[in-house]
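Chain IDs A, B, C and D follow the sequence of writing; residue 1 opens each chain.
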Amino acid sequence: MIKFEQVGKKYPSGQEALSELSFELDAGEMAFIAGHSGAGKSTLLRMVALMDRPTRGQITVNGQNLAKTKARHVPRVRRGVGMVFQDHRLLMDRSVFDNVALPLEIAGCARGEIGRRVRAALDKVGLLAREAAAPVTLSTGEQQRVGIARAIVGKPPVLIADEPTGNLDPMLSAEIMKLFAEFEQVGTTVLVASHDLNLIKRMGKRVLVLDHGKLIDDFRPAAAAASNNAVARSARDDYPPSPASATNGEGQQVGAGQDAAVPPLSPGQGDA
Amino acid sequence: MNRRVATIRVKLEKSAAPAPAPRAPAHKRRRMGAWREHHARSFRASLRRLAGRPGATALTLLVMSLALCLPFLLWLLLDNARALGGHLDDARGIGVFLKPEIDAATARSFADKLRRRTDVAVVAIKTPEEGLAEFRSQSGFADALKVLQSNPLPTVLIVTPKIAAASARATPALVDELAHDKHVDQVQYDALWRQRLDAILAFTARVAGVLAMLLGLAALLVVGNTVRNDIVGRAEEISVMQLLGADRAFVRRPFLYTGLWYGALAGLVALLLIAGVEIALAAPLDQLTSSYGGRFTIHGLSWVQAIALFGTSVMLGWLGAWIATSRQLRLGRPQ
Amino acid sequence: MNRRVATIRVKLEKSAAPAPAPRAPAHKRRRMGAWREHHARSFRASLRRLAGRPGATALTLLVMSLALCLPFLLWLLLDNARALGGHLDDARGIGVFLKPEIDAATARSFADKLRRRTDVAVVAIKTPEEGLAEFRSQSGFADALKVLQSNPLPTVLIVTPKIAAASARATPALVDELAHDKHVDQVQYDALWRQRLDAILAFTARVAGVLAMLLGLAALLVVGNTVRNDIVGRAEEISVMQLLGADRAFVRRPFLYTGLWYGALAGLVALLLIAGVEIALAAPLDQLTSSYGGRFTIHGLSWVQAIALFGTSVMLGWLGAWIATSRQLRLGRPQ
Amino acid sequence: MIKFEQVGKKYPSGQEALSELSFELDAGEMAFIAGHSGAGKSTLLRMVALMDRPTRGQITVNGQNLAKTKARHVPRVRRGVGMVFQDHRLLMDRSVFDNVALPLEIAGCARGEIGRRVRAALDKVGLLAREAAAPVTLSTGEQQRVGIARAIVGKPPVLIADEPTGNLDPMLSAEIMKLFAEFEQVGTTVLVASHDLNLIKRMGKRVLVLDHGKLIDDFRPAAAAASNNAVARSARDDYPPSPASATNGEGQQVGAGQDAAVPPLSPGQGDA
């Protein structure tokens, strides 16, 4: 579903953001991208959504070779990719409802269907009550959740998210991640960039680790079926900050079958 | 009932009951509906946007409509000045005094010769008798002329030269040639007056032309600049829509409607301004017309011209929006 | 050496060596330096901004300068037309033919009476002898007049009425009164020509006045709109600076300099445009002037007027920036 | 240094973001604000920087009663508060250097001094090499670090930061928090809103917990002197994601004297 072959990206400023990147994600697979600040996570996701083109290598998304996509077919490719932006990119002069409805409008959905699906998406991120609000009157975390609702409302075959939980508290983060995992179950390919290593660990999914633009690890947990319910529960225990309970919760989890799934990452990589 | 009748009946039934577009597949019909809906929404939304910031919109409309109506006003002025120039032509006759010894027949053949010239429009003959009668009635010398025993006046030809309103240059050559003709005693031509009038008209026409050109340029620039500013202010919106997979037509639609609204409203305001100017100028126009004894009527903007102005305005708004969006759309392409 | 001398010496020494501002504390001196530096930086940065987007800047400058120079051009046109009207006045004399029995002394006292009227500017006396000489040289009747034994011509007074260039109404009353005076035989007044000319001048003046008003408005609107758009596009910058604790003057400074630059550059472009128009109009002006035998010189923009135009432009730019920033600054206040 | 008395904030939309909030922070004290998304953390910080005024109650910052501050004195108050914004708010058309120099320019520093202090600040956030770059060419985490450099460059008596590490990897987050703690040591009052409960725990500082606009806990650790060096070290161990080492690091820390410092927070508050 998403295939990178020897992809390199050098920005006009000379910054080499990615180099020799190769990996493949099947349809209905979920993976995380981890790595230090400036490792190239956003750059990678931008290229999946055809916001940027690589300077070397080949990218295939939804069976479409992106290098061969003509300018007038770019919109079609982008409609097949739901994207959560690191900086939300909401339209500040439209209501929350209208922001979430945008992808459906673009796809040409009927009015009644738009309403139904937008409300369903807002409900999933817990913002149904704020549908008429202006984005500026939302907290940053709420804005980020609106961005997530916008990405999932169109039920795209590929879902990419850049740091979707950066402004969310741990419990909400876990719930959002659970939401992404649900999409995986219905056959959506999901690729999420995240710093939240605890959360990544608990999700028990595949992790691509970037370091200065190079893929230094592609970790696939042996027991990938770590229950998502367990994740949400442990996160709830983890909040509010109670070091004792958090440690216990984590300790339990590690003990309860994830120890074998410890990613064999080489330590001591790059200071940012 | 044969097959043809059946077909016709089916056709009739079809036209009677407006069925949905027959062969389009369901998803295509749905997309058409969405397309129509997006048009309607863009139409309303762009108007709401303008109404939402009335100050800025009023400012923009004033600037646009001023830039639009000024060239039209100047064009009106120029057109009327030209008509005026045409009417003044008939006061431009050259008085050609033939030598006293020329008789009526020779005068007539000379007049015919002059009439065949390309730079002569009309030649009128005034016999000595007519001349004396006119002289008596017009000049202050009625008493003085009573003492004359015989008619000392020669035959006079009134020659109206055929020249463009703008160029006053053709006449002197004709006057010169006439003055040196063997039949001619003297040529009277109020050259000073005529040169002045011609010069004034030429000057006005040139000034109006230059101003109209500058103003046309200004109209274009203002419309383009206005829509460009509007779009630069919404660059984020455009780029987000592009990222969500909207194609060029979809992104453009609301802006094109905005351009159309600007154009239509500015066109209306411009027409109102022109009507206002026509009212303001009514008094001096009246005076000008009366001095021509009603022979000459100033014409304002006709219906056709009003519609042309409005159409120009709408088209300019649309075009400005189109150009400005094109630029912004190019920025959203992947590098 | 007494005390006064010492004081003077101290003063001299002071003025000779320009010491640093003496009593300002160190931190205040530093802040002054920073203030001056910020001015210099704003000055350069605003120019760099304009140079950084040459297309948009050129567009804005063209619109601004067109809006600025058009009223000036119209004003020039109007001014010259008025001067022209004034020069045409001396062709407006009313020919008053006195009765043949009036002798020279009576004619002179009548002329003096007329000179005391408020609506009369000049009265010239033409004796019968002068009249005959002029008539001989001008009319085509030289030969015919040779046969006259006595001079049949009366004394003629050339009366120039005192009227405003714009109003052609005063004259008919005067003409009427003169025609009914007991000394007067007949009044000759080319009323038609004069009315036409007056009407044309009045019409042109009115049109020019209306256009100049509209254009002045347009200039103001364009400048305001331009700077407003510039500032709306930099609203984020303003709000960040306010959040970082910049006071109003600091936030405003770069925008005021931008306004100044716009104003100054637009003023220069407007002056260039006016110069271009003057060159383009040189030919018809020449023609116009030559028809007056050099008596009348068309005047372009004087140095004072050029400086006034430039100053207006700079001031408009500054003012527009000031108004537009004020609005934005109010938005940055805590609620 | 910062004093809230019965502060309430109701937005014009009717949203009650804060209510009956009272607390006091001494000069040179550092505290965290924790709470779910939409709890009112940003609203609280905005009022400290006089970006908003409360609808009820009194706020005193740097000895100045903010309610009595006239509009023309607002800039002076703001100059005394260094602020890291949740959405960076960098000026995109200026270089990194110029962005960081802005507070010094506003304060009227001399040219030479500006250069020296800006470079020192950029060095502290690890971006000295990028001083000439445009902010758009930076990754989100790098942009956030520029925002941090801009807040600290003027050495303000009060430093507030809204989610300063939301887009940073754990190691960098710990380093940035250490930086804030250093400011505390030179007498700066530091107030940081954060979701990163692990990090908050490790810092061992005072924590104000908000829930739906109410202060539900004000936890002061008994042994506040948990070594900052230890924090950085443990964070480095924690990266790259290695559940085993992370758990160990954390477990050690908890065992090594922070167990007593467990905040006695009541569990089970608000779902967002």
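We take it that a residue touches a chain if its C-beta (ideal position, glycine included) is under 8 Å from a C-beta of that chain, and two chains touch if they have at least 3 such contacts.
Just so it is clear, the model here is predicted, and its values are computed rather than measured.
Asker: Using the contact definition given at the top, which chains are in touch with both subunit A and subunit B?
Answerer: Shared contacts of subunit A and subunit B: no chain.
Asker: With a step meaning a move to a chain it touches, how many steps does the shortest path from subunit A to subunit D take?
Answerer: When the steps are counted carefully, the minimum from subunit A to subunit D is 1.
Asker: Find the chain most remote from subunit A, comparing centres computed as mean CA coordinates.
Answerer: It is C whose centre lies farthest from that of subunit A.
Asker: Measuring from the mean C-alpha position of subunit A to the mean C-alpha position of subunit C, what distance in angstrom results?
Answerer: Computed from C-alpha means, the inter-chain centre distance equals 68 Å.
Asker: Could you work out how far the Cα centre of subunit C sits from that of subunit D, in whole Å?
Answerer: Between these chains, centre-to-centre, one finds 63 Å.
Asker: Can you give the whole-Å distance between the Cα centres of subunit B and subunit C?
Answerer: Centre separation, subunit B to subunit C: 28 Å.
Asker: Give the residues of subunit B touching no fewer than two other chains, as numbers and ranges.
Answerer: Expected reply: no residues.
Asker: Considering only which chains touch which, label the overall pattern as line, ring, star, complete or other.
Answerer: It is a ring, because the chains touch in a row that closes back on itself.
Asker: Which pairs of chains touch each other?
Answerer: A-B, A-D, B-C, C-D
Asker: Show me the residue ranges of subunit D that touch subunit A in the complex, using the header's touch definition.
Answerer: 11, 13, 15, 34-38, 41-42, 86-87, 126, 133, 137-142, 145, 162-163, 166-173, 195, 197-198, 200-201, 207, 209, 217, 238-247, 250-251, 254, 258-259, 261-263, 265-267, 269, 271-272
Asker: For subunit C, which residues count as touching subunit B in their complex?
Answerer: 56, 59-60, 62-63, 66-67, 69-70, 73-74, 77, 84, 88, 91, 95, 97, 100, 139-141, 143-144, 147-148, 152-154, 156, 168, 185-186, 188, 192-193, 195-196, 199-200, 202-207, 210-211, 214-215, 217-218, 221-222, 224-226, 228-229, 232-233, 273, 277, 280-281, 283-285, 287-288, 291-292
Asker: Any idea which subunit C residues touch subunit D in the complex?
Answerer: Per the touch definition, subunit C meets subunit D at residues 30-31, 33-35, 37-38, 41, 236-237, 240-248, 250, 333-335.
Asker: How about subunit D: which of its residues touch subunit C in the complex?
Answerer: Per the stated touch rule, the residues are 12, 49-53, 71-72, 74-81, 83, 85, 89-91, 93, 102-103, 105-111, 150.
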